[in-house]
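Which chain is which? They are A, B, C and D, in the order written, and residues in each are numbered from 1.
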Amino acid sequence: MIEVRWLGRGGQGGFTASRLLGVAAVLFENKYAQAFPSFGPERRGAPVLGFTRIDDQKITLRSEIKQGDYLVVMDENLWSPRLWDDLKPNGLMLLNTSRPERFPDAAGDRRLVTIDALQIARETIGKPIVNTAMLGALVAVSGIISLEAAVQGVQKEMKPALAKGNVAAVTRAYERLSR
Amino acid sequence: MNNAVFSSRNMTEQEFFFGHKACAGCGGALAVRLALKVLGERTFAALPAGCMSAVGFIYPQMAFGINAIISTFAGTASMLAGMAAAARAQGLEDVHIVGFAGDGGTADIGIQALSGAIDRGERIIYICYDNEAYMNTGTQKSGLTPLGARTTTTPDGSVVGGSTTKKKNMFDIVAAHGIDYAATASIGYYQDYMNKVLRASQCGGTAYIHVMAPCPTGWGIPTEHALTIARESVDCGLWYLAEYSQGKYRLNQRPETFTPVEDYLRKQGRFKHLQSDDIAQAVRDRDARWQYMLTQWSDA
Amino acid sequence: MRRPPVREYPRPNHIRDYPCGPHFQAGYIVDKAAGWRLERPVIDVRQCINCLRCYLACPEGAIARQANKVEVDLEFCKGCGICVHECPKDLIHMTAEGT
Amino acid sequence: MMKQQKYFVSGNEAVALGVQRSRTQVVTAYPITPQTVAMERLSEMVADGELRTEFMLVESEHSALSAAMGASAMGTRTFTATSSQGLLYMAECLHYASGGRWPIVMMNANRSVALPWSIFGDQRDSLSLLDSGWIQVYVEDAQEAFDMIIQAFAIAEDEQVLTPVMVNLDGFTLTHTYEPVFVPTQEAVDAFLPPYQAPVKMDLDRPLNMAFSSTPPNNMEFKYQQHQAMEAARPVIAQVEQAFHAHFGRAYGGLIDAYRCDDAERILVTVGTVTGTARQAVDQLREQGQKVGLLKIRFMRPFPHEEVARALRHARAVGVLDRDISFGYEGTVFTNVNSALIGNKVVPPALNFIAGLGGRDIGVEDIEKMFERLAAAMDGKAAKRVEFIHLGVATDE
């Protein structure tokens, strides 16, 4: 089972990304998945978490994901060295930043990969909403699901007008990290 | 405003509230009986805890000849709304959904549900039979008990004599919702009351009728005077007959002169202890209310 | 007057004899109210103008409307005396039961 | 087998889909976290013309159930949903609805009860209302939530039952968690769940006086009938599940679901979503060769006393995980399980684990700790009868 923690701010679409990953895995990869937000009231701007579990068999576990195989940090201002504790050994952190030089690229066996998702979002969606770019990036670095499934997931969940730019965001981020 | 008049000569001979166990001379029972005669057999009624449900549904004696149900005390208007929704869901047309709740069931515990139902524009008729106290439990003060009235929870004590609060103004509260139709009535003026039930049934939306319905037991009057005292409350100006619809108010009776308030109060055991300044206060309150109605209801 | 008939209520012997839940036939009347009364109304029907006020004003629905007169149903009259005050011709008076 | 479409939805959304597929005629709604999303989805279905129902936005939970009773009394299939404080606010109506024998189905999002205020999950809301005369079922995942909404109508509307059903979903861990749910076509659900034909209703042709009062000579009989109806629900629940299985290929075990219990020495009893986490813990311990098992109680009313006793009769130690506590005694599930055991003369050492109150997470490690406690009890070591698991601080106990 693969567990993903999504860290963002309320309104950035972190939970949506966790759900899109689940949709793609369940409906387009024939896998099992579970997606849930950090429980409690939703407040725009406050740091929020989303979670995704993916497995080849039915998932019954319902406890919190305290440490993820992947941790997606959607806003560099949320980065802190303490985040390494939220990763399992050999886990991978994916950080949205345009200034990768300011962040360490590993801590022990845990690694950090960066991507300028904000730039991709601006180019593809025209808005600073990075969730789908981060989804594409995660798919690229993890291989949990295929790019095709991720694209289909976005197309399934979003209205056509919205899906177009977001599919481009997923694809461009995927390509950037797959190179 | 609709001026439909109900003809008591052609009304159904059928009795739909019959064999009930209300006290002799019960104004509330008459309010229910007459309303159902106006509305007819395609009527569904809900009544919360209170006198009329307590005397109407004692198994195996079923006093309602139409479909009727006891609602929760707080939920008369919401149960009516659910019944109206079910009628729509089943395509039932030309039916009336009517509630009969007492003063406590309306102005106190049931006001939230009533407000919600008016807000949604439910097609229901809500009739408050007001006997000015919780009579079913033995005459305790409600939000519609008038100032000075003795009840078992506002006794005539050596320090405090009777109710220290005034009667809540349900008619204005209901009208302030912008309800489709609202009216005050008195069971003493039963032709006027029946006309209003008819108009309520024709208004196409939410209707509220507040009918003064004396309780001889709780008011301390002979049973035979239940309707004469109801008329006197209107004639002395402490109660009034009015209607509201489409943002407009109408006074149905504007007495040239009022009969003495003191005469009205002195006839009732619940006001026996009042002093002359208490009565003067009641007169001042009456005059202020009429001043308000005559000036603020420009179309009255 | 069309009022529901007074019926027998056979006391249930088996749980199946009870309705399924607190629901029962509308207008099922087993008890009369006559015993509630100390006085009963007497109407001088010869002079009755058939104005129907007493018929309307009866909380019990115990005054029947006839073609040109009214009649008290003494099985359900509780003897409140309201009708006495509603009659514009003073044709109703109360008389003690048993007289 | 009918064709079913796979969705990826939350527990709340699964409930909304169940209400839609059941062709519910009247829905009454008042928002409360964490039930809200169910009502939002139903609102969207109404707004988009995907659900033809009388959808009522009422002013309180008391009104939500009062209106539902009015609608049910008129013979329509009726649904509402609530949680926590809202459930307690409508408590009067719960007794009223079961006494009126109205087959209303209600979702309850299990949530803690103030004070302290908490929007997070535990089961103290519904368990405190076990005596209100409702059938209570607790589901484990979104699929079971969807399936049980549909089954709940079939159970509630059975003429032998005519009792309302409360379908309980753990707040957030189920209501807000997205997972795969297979949703059958409308035609397939129609074939399983025909329109509600009320045997008793307010009817213009045969008018009724409903919800009457009864004096002491006639009251207790109606309460006896309610009890009999609840007893009659046991076989009906089994029949409905059998039919559901035949139509849709899914079954849940009826009143209980025993998991790896056959040769288990230690068995943990659970209610609700924590069962899923416990399944994983049991699998892990089994891999280590430990003879552990899991008993999920699905229905708290009618209580499966015989089934529970049968499932636990060979256990050498039994634990009951309660997301509830009846202060001054023990968890309510524990009380019920013990009563079933003693009534059937099965008396293994039994321990009560109070966990997950107010949304406190229950992890696999917590479950493993409970099985450790049971191992000690099995070996005759002294153990606390009622233990709070995973308190965040030290105590003087």
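Assume contacts are C-beta pairs under 8 Å (C-beta built on N, C-alpha and C of every residue); 3 or more make two chains touch, one makes a residue touch a chain.
According to UniProt, the chain labels map to these proteins: A = Pyruvate ferredoxin oxidoreductase gamma subunit; B = Pyruvate ferredoxin oxidoreductase beta subunit; C = Pyruvate ferredoxin oxidoreductase delta subunit; D = Pyruvate ferredoxin oxidoreductase alpha subunit.
Note that the structure is a prediction, hence the values are computed from the model and not measured.
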So which chains count as neighbours of both subunit B and subunit C? D
By C-beta contact count, C-D versus A-D, the higher one is A-D
Separation of mean Cα positions, subunit D and subunit A [Å, integer]: 34
Subunit A-subunit C separation of Cα centroids, rounded to whole Å: 79
Just give me the whole-number Å value for how far the CA centre of subunit C lies from that of subunit D. 51
Quick one: report the Å distance separating subunit B from subunit D, using the average Cα coordinate of each chain. 43
Could you list which residues of subunit A touch at least two other chains? none
Enumerate the residues of subunit B that touch no fewer than two other chains. 59-60, 62-68
Could you list which residues of subunit D touch at least two other chains? 207-214, 218
Is the chain-to-chain touch network here best called a line, a ring, a star, complete, or other? other
Which two-chain combinations qualify as touching? A-D, B-C, B-D, C-D
Subunit C touches which residues of subunit B in the complex? 8-9, 12-27, 29-30, 33-34, 59-68, 190-191, 194, 216, 222-228
For a test of understanding, state which residues of subunit D touch subunit B in their complex under the given definition. 25-26, 28, 53-54, 56-60, 62-76, 78, 92-93, 96, 202-204, 207-215, 218
What residues of subunit C sit close enough to touch subunit B in their complex? 1-4, 6, 9, 22, 24-33, 36-37, 52, 55-61, 64-65, 76, 78-82, 84-86, 94
Partner subunit C, residues of subunit D touching it in the complex: 99-101, 162, 199-200, 206-214, 218, 221-222, 224-225, 228
Could you pull out which subunit D residues touch subunit A in their complex? 6, 8, 10, 33-34, 119-121, 140-141, 172-174, 176-180, 273-277, 279-280, 359, 361-364
